[in-house]
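Order of writing sets the chain letters: A, B and C. Residues in each chain are counted from 1.
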Amino acid sequence: MRTRIRRAKAAQTAAMVLTGLAAAFIVAAALYLLAIIVMRGLPGVSWEFLTQPPRGQMKEGGIFPVIVGTLALTGLTAAVSLPVGIAAGIYLSEYATRGRVTRIVRLAISNMAGVPSIVYGLFGLALFVNLMGFGKSILAGGLTLACLTLPVIITATEEALRQIPSDLRQASLALGATRWRTIYRVVLPAAAPGIVTGSILGLSRAVGETAPILFTAVAYYKRQLPTSLLSDVMALPYHIYIMATQVTGRPDEIVWGTALVLVAGVTLVSVAAAGWRSLQRRKVRW
Amino acid sequence: MARSSTTRRRIGRPVSSRAADGAVRKLITANGLVAILILAAIFLFLAFNSQRALQEVGILTMLTGREWYPTIGVPRFGFLPLMAGSMVVTLTALVMSVPVSIAAAVFVSEFATRRVKEISKSIIEFMAAVPSVVYGFVGLAVVVPWVKEVFQLSSGLSALSAAVVLAFMIAPTIVSIAEDALHAVPNELRQGSLALGNTRWQTTYKVVLPSASSGVLAGVMLGMGRAIGETMAVLMLTGNAAILPSSVFDSVRTITGTIAAEMGNVVQGGLHQSVLFNLGLVLFTITFIINLVADLVLEKQRKRWRR
Amino acid sequence: MALASEKKGAMVIGIHENSSNGGEFELRDVSVTYGSELAVAGVSMDIERCAVTALIGPSGCGKSTLLRCLNRMNDEVSNATVGGSIKLDGTDIYGKDMDPVELRTRVGQVFQKPNPFPMTIYDNVAYGPRTQGLRQRGALDDLVERSLKRAALWTEVKKDLKKHAFELSGGQQQRLCIARALATQPEVLLMDEPASSLDPISTQQIEDTIAELKSSVTIVIVTHNMQQAARISDWTAFMLRESMEEPAALVEVGETRSMFTNPGDKRTEAYITGRFG
């Protein structure tokens, strides 16, 4: 009996050590990734790097138009995906009844989240670039990225709305408010922190995507800034790709610097959003 | 205490707001269906643009063709080398990633203190947020030279390099979904097992893991879907040779890499473009099935612990 | 046709004439079905204007379900259907001409748990009037003050109307919810165990408020607490679901005093003397 227990305890220790090592390995890999991007990227980043266009066949100069291009794409993505995504989230949480249609909608949303980004690129090429005739442009790229971001925003909105107790909805309805007024004046304001944070997380993923904009938005090199929604643009992730694989003889720190700008932008915004949400949560408790 | 007649007047909600309520309901319902609409549109547009390839080459010729020479005089459009490339990279990545990720999920869910849990989860979240092109670039700088040296290859650009990087990329997906599934197992089950004199580890592998098995499996499948669909890192690391691979040290060309590399250089409306759309349709179908099965499994898992 | 127009006329007159002395309900053979399950059946009773009517009975006996029929909050449960007829001041509230949203401005409700909106005290009370389109600052200020006074909360909060409602205590929050319901100037106020989550002192304050209000509003209150029903109500209705196979039904309704001293039904007697429930 003793030995059985001792053996079980030994097995437990071994299991804890092994699984702990696995977790430590993954965490270490993540930290290594962070460290190498920061260490190698920092020497390349300067005020000039952020505010100057590339020069000398992109082997010198900065990435200003690249940053502007990514911001423009992200702006359009947000402008399209936020209203549609939030409305769809409201539908699922506030209007949809339990039934077959809702179940299919839910399956479709989670399936959409798993569609490869290159397939969104093909879809955008076929629909926005060719059929609608937008050409390679901010408009076509932004719409494509919006499709990709939608499931994240829908899910975030629905979850944030579900956190709001149904007591509040009932109270508003009992005061003679319509369904929509109840949502608009009571439920949405209460759920705003969750919706905003989830949406920012979704958008920050879109910022880093390359494959969807490959055929729908990006230019290899473009010195001047975009003038309309129908301009093509440079973009951070695509710039990293071409600099890493197609520009020979470029100094490494330009690519690392661009990678750092992209990763830092995405991470800092996400961290700020998450921090803001937990601050709001502390203020209001259900 | 009587109400004065001035404020008593029933203002009556503006009629417009009642009409607006109905209009808003319709508008919002329309948006709710957008996911179905987009999924259907993706399928239709891919299918529509594949028409020429289906007519002139034929689906069977493509799916069973062993050669991919899209730009020679008489082009060959065989998907087999590309599908084999995707398979080799994906399976190798899964073999490396799944055991470590599930073990990490078990540690985080069952053994870690709250603090360790929170910290490791947010670090793993960071890993998920890093764009794939950055993984590709770091892979070029770190993994490719390492693979070349350790395995004495003439070039480090190989299925193995891509698989190593992919293994790290899909780890956050598998860890977080598996951890959710483990976490969802009710504590009563754990306590029941502990009360019978089992250790925590015995409880974990006898009770918790079997109870959460379908959720863990779904995590693995979603990780697999992500690996098959991953484009940029694979494009940058595999070397892109469109030949049937004989080992993981060979250079391979995946479905995604082919579309990404070639779509930019094709004639608009040409046969090659149509074949690439068809390749996209094949990819969409594969991931659609994987995701659907994973979602159905997850849904079942969720129902299990409800009540 | 003639009947319909008569109804409409009655409704308009009803609003004006009854505006200062509540409304009265007439329930005939009311039943509630959830999906295919009959939950409440055969309830017929009158609810007197400007009086307090208490619905008592063991838990699960359909009191709250019946209460929610009176302002059609059951409409919000998608598979609930209501049978029979319920008339408010002579108008069928389930009739074609009745808009449930408008009905709820005439029949207010206070819930079991205090549920203030996550906004300021002022905005909570002003929510209903604003919904009805009242925008003038002065009139709104008056109405908020008057409603808070009627709910006996004014003296405690008049200095910080801009404070977040969640900073109030539980009892204060519940009185805020009463003020919020009163601000739409309803003829009837439905209260679903309004004091069940409160301490004894707060409960006392709510009961005092109810006593004040009944001169101007009809009150229907669901309560678990028989002493409370005895203390505050003029009329008492006792409901019971005798088994899971049968729907809940009304056992008897009568003046509170006689009901508690001399119940007409054995089951009522058993319940109020504490033999079950």
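The criterion applied here is as follows: contacts are C-beta pairs under 8 Å (C-beta built on N, C-alpha and C of every residue); 3 or more make two chains touch, one makes a residue touch a chain.
Everything quoted here is computed from the prediction, not taken from an experiment.
What are the mutual neighbours of chain B and chain C in this structure?
Per touch definition, common to chain B and chain C: A.
State the pair of chains with the top count of C-beta pairs in contact.
Answer by contact count: the chains A-B.
Select the chain at the greatest separation from chain B, using centres from the mean of Cα atoms.
Centroid comparison gives C as the farthest chain from chain B.
Whose C-alpha centre lies nearest the centre of all protein C-alpha atoms?
Chain nearest the centroid of all protein C-alpha atoms: A.
If you average the CA atoms of chain B and of chain C, how far apart do the two points sit, in angstrom?
53
Need the CA-centroid distance for the pair chain A / chain B, whole Å please.
Comparing mean C-alpha positions, chain B is 15 Å from chain A.
Compute the distance, rounded to whole Å, between the mean C-alpha positions of chain A and chain C.
48
Where in chain B do residues touch at least two different other chains?
13, 18, 21
Two-or-more-chain contact residues of chain C, please, as numbers and ranges.
In chain C, residues 101-102, 105, 131-132 touch at least two other chains, as defined above.
What positions in chain A touch 2 or more of the other chains?
Each of 176, 178, 181 in chain A touches at least two other chains.
Would you mind writing out the residues of chain A in touch with chain B in their complex?
Residues 8-9, 11-12, 15-16, 18-23, 25-27, 29-31, 33-34, 36-37, 40, 84, 87-88, 90-92, 94-96, 104-105, 107-123, 125-127, 130-131, 147, 150-151, 154, 176, 178-181, 201, 204-205, 207-211, 214-215, 237-238, 240-241, 244-245, 252, 255, 259, 262-263, 266-267, 270.
Which residues of chain C touch chain A in their complex?
Residues of chain C touching chain A: 71, 73, 76, 78, 101-105, 108-109, 111, 113, 115-119, 127-128, 131-132, 166, 177, 180-181, 184.
Across the complex, what residues on chain B touch chain A?
Touch residues, chain B against chain A: 13, 17-18, 20-21, 24-25, 27-29, 31-36, 38-39, 41-42, 45-46, 48-49, 99-101, 103-104, 106-108, 110-112, 120, 123-124, 126-127, 129-134, 136-138, 140-142, 168, 171, 175, 198-202, 204-205, 222, 225-226, 228-232, 235-236, 256, 259-260, 263-264, 268, 276-277, 280, 283-284, 287-288, 290-292, 294-296.
Which residues of chain A touch chain C in their complex?
Contact set of chain A toward chain C: 97, 165, 167-168, 170-178, 181, 185-186, 189-190, 284-285.
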